[in-house]
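Next up: the structures, one after another.
Presented sequentially are two complexes of subunit A, the first with subunit B as partner and the second with subunit C.
Showing the complex of A and B:
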């Protein structure tokens, strides 16, 4: 039943509040910087939006890790899909009515929707997960900021008409949906188990975030090379750093890391 | 400033359609035989993957089918029926292939441990259960339950899509199609996960004791779909 072994409170070396502040401030700064610098200096700075999305992804992954350690019974992927499902609704609504305050409005709306779903889960459906309400609110907010960040990067602005015509109408939004969901759910899903460690899980969150950035770079290459090149290069850099970090953490936590070599040839087998 | 009340008043019928659609998705998930991780090792009845994956596979196929038919006709019933049939075909082929792997690959007979006799074929179940497992494969009643679930899910998804597409708006058709499809996918996923939370991740179908928890999912689904329906309605209507 429990996805991550016996239900327990996950131990965190970095306190959840610190990661929450990092996620909210980091992504909002990234989104606003991406929006204004792109308008002022051109599309070269649009990568800042997806840089902000990486902060939100790390926050989301940490929350998924805390809530899924209790064993929600449905598997980790469901919560990532829920995050982005709530995120899409909140993000587009917030950007439309919020204007310049769009990302903040989206964040508030997402927190409210998440809180309601968390309350329904614990009070009506009796899931019995102690942190369900706050965790669902945090996940919804993280999903929303991820979507707004990546979309801002793709459209070069978070103004709703830009987003609708440059991200939604051409179908990029489907890509944003699935890469955002997987980036939030994958870190814990691939690290869960009795020896799960926060720093290792978050290292994968950075790896996933950088992959989101690389994919964003590839996608916008068809629209604007000036915005694609910095996104791709910085994404690759983050990927290399995060992956090296992750590999060193795997070596730290594993009993032994050995090379198995290539598959034996037919002659060697006989 | 966007006039919320006017948009909602103008599209109140579509809001109702969205709520009914979301509700159908949540109910449909309760019918689908989801085995989860144990079923992947042939240790419990159902298809060996999570609720969201199965529901999404069937529901999104339904959405694609509905979208394809919508290009040639604007008849509501035809669009919704094709969405329903698309989802039913998808879930059936998933269960059929899953069963082939369980029967010919793993080598287990499809059987359920939660009931003594299959409610449809009246076949004895407990004799065929391997020791230490909770059943395996997709027996007849689970299969039929799954087809019903896929149908309800596709019907609900297509209804949400059609309703969002019909909302009065002041923007181009392409924008509305994009918004309507991503919103219906989002509403679909939210309802699938809520239903999945309600059954605790695994179920066998309508004969499973967990099926009695359905009313809780209905209440939750109505509340959540109402909120997300209004938000998406205003987003599309306000453009």
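Showing the complex of A and C:
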């Protein structure tokens, strides 16, 4: 038996298309607002970039959830790594050639790379997952927007020379890579099981996104305290709200949440 | 640089690596991360509910890379941009990493059993309270040691990579070694102490992990106690050897002096690998002669 239960199409209370629109629009608005408002009004607004990245993370986590419900048990972390690996190539390439349209170009390139890798997975490696092609395109796009969003916040703009000097040259790109990947793969991985629910998984995506935001706040503190304070405060707020929501959903979904106790008896189990 | 100072730095790095390797393995054992996690996850489905922490963040290499990257980045920011002392920067970096790791662990602890409602696996809050502290403490020690190793490499040995990137790479390394060396001790031995030693894992035994301890119900802290006897130290030695020997060959045969000496370092590395292969082979053969092979029924009757 697959660790995620029998392979099946995941039931979603919120339709995938809606989350996709939320992910793309939310992150692009965040990235562009973060870029232009920072240039116009100063670094206080740089937190908008990583706020956009949270939208992309939620989208990515939902896509991972849908594709991994087809019995990709231990492959969940690999899917997240694949997402961000495709994303980092597309993000740097798109920002390099795209100029002001950089994030959109990166998004398009990521979608193409994702589609090709999905086709390779399904046609040549014969993985036989029905939604593989579209799902890899979606996670590649989500990974790209996550990287662009976080980098925009860290550098204060998405112009490639800023990103190279503020994110790539000092090695912070390694942090962006791994924290983005974990944020996309961890929500479904930590809720894996036959009774997994979409809202609970997405609540974890918000918690993980808030950790990305807090860490981004620490990184920008090295450049400007004015941009670090709103990033840290909003990140902490999102963490508290999302965690409270998640805990209430856990109490709703779990068999029972107890302070302590013995194991369920034989009669209880049967 | 004086070769003797270089050797001293390398010895210090090896010592930090021994601590990092041990704490990494024990951290994963308290929460049942990585390979043993599959049995902890499977047990309730096979009607064996338990009181063991289910920490499914990801494999050990990515989750340790994340911890160490967060620690390294925070330390780099505090040191370079805010002028804080090295020790404080690294300690605060490790603290931030431990807090983030605690958050990821808590999410998995709640999420996995909640998704097993139909198998009636309860969520015990006292398990979270007692285990999360140990998990975060070990995460702190691991991150601290790894960032110290990376810092020593940059300042004393002149490594060109930035701190965040080096910490990330060593994080992957310590996670990989912890996963391959230490997990065997927990997964194969501790979880299946109720089966005959050396019997292998029969499919019928899947999920039938030991759930009752020496006193009361077994939990991750009991597994930590067991693994700290052998699995943890073995991982520490393995990681320390990796750090020490890989640095030692280029320190003794410094490639920056001449190309010939550079090739000598490659040959020295190959000889070390060869010695390790022969040593492992001898160890395996002697272990088989002493304890095995596992007897089939016919031989047992004949004996």
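By definition in this document, the second predicted complex is superposed on the first by the 256 of 270 C-alpha atoms of A that agree within 3 Å, B and C clash if a C-alpha of one lies under 4 Å from a C-alpha of the other, contacts with A are read in each partner's own complex, and residues count from 1 in each chain.
Going forward, a contact is a pair of C-beta atoms (placed from the backbone, for glycine too) under 8 Å apart; a residue touches a chain by one contact, two chains touch by 3 or more.
Just so it is clear, the model here is predicted, and its values are computed rather than measured.
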| item | value |
| --- | --- |
| Combined model on subunit A where subunit B meets subunit C, clash or fit | clash |
| First (subunit B), second (subunit C), both or neither touched by A:109 | first |
| First (subunit B), second (subunit C), both or neither touched by A:127 | first |
| Between subunit B and subunit C, more extensive residue contact with subunit A | C |
| Partner chain(s) touched by A:142 [first = subunit B, second = subunit C, both, neither] | neither |
| Which of subunit B and subunit C A:10 touches, first, second, both or neither | neither |
| First (subunit B), second (subunit C), both or neither touched by A:72 | first |
| Touched partner set for A:174, first subunit B, second subunit C, both or neither | both |
| Partner chain in contact with A:246 - subunit B first, subunit C second, else both or neither | second |
| First (subunit B), second (subunit C), both or neither touched by A:81 | both |
| Subunit C clash site on subunit B (candidates 7-15, 25-33, 97-105 or 115-123) | 97-105 |
| Common interface positions of subunit A, toward subunit B and toward subunit C | 1, 74, 77, 81, 169-171, 173-174, 177 |
| Residues of subunit C that touch subunit A when the two form their complex | 38, 41-42, 45, 47, 49-51, 56-59, 62-63, 65-66, 69-70, 72-74, 76-77, 80-82, 96, 100, 103-104, 107-108, 110-126, 161-166, 168-169, 211, 217 |
| Residues of subunit A touching subunit B in the complex | 1, 72-75, 77-79, 81-82, 84-90, 92-93, 96-97, 109, 113, 116-117, 120-121, 124-127, 160-161, 164-165, 168-171, 173-174, 177 |
| Contact footprint of subunit A on subunit B as seen in their complex | 2, 36-37, 50-53, 56, 171-172, 174-175, 177-179, 181-183, 185-190, 192-194, 196-198, 200-202, 213, 216-217, 219-220, 223-224, 227-228, 231-232, 234-235, 238-239 |
| Residues of subunit A touching subunit C in the complex | 1, 3, 74, 76-77, 80-81, 169-175, 177-179, 181-182, 185-187, 189-197, 200-201, 204, 207-208, 211, 214-215, 218-219, 221-223, 239, 243, 246-247, 249-250, 253-264, 268-269 |
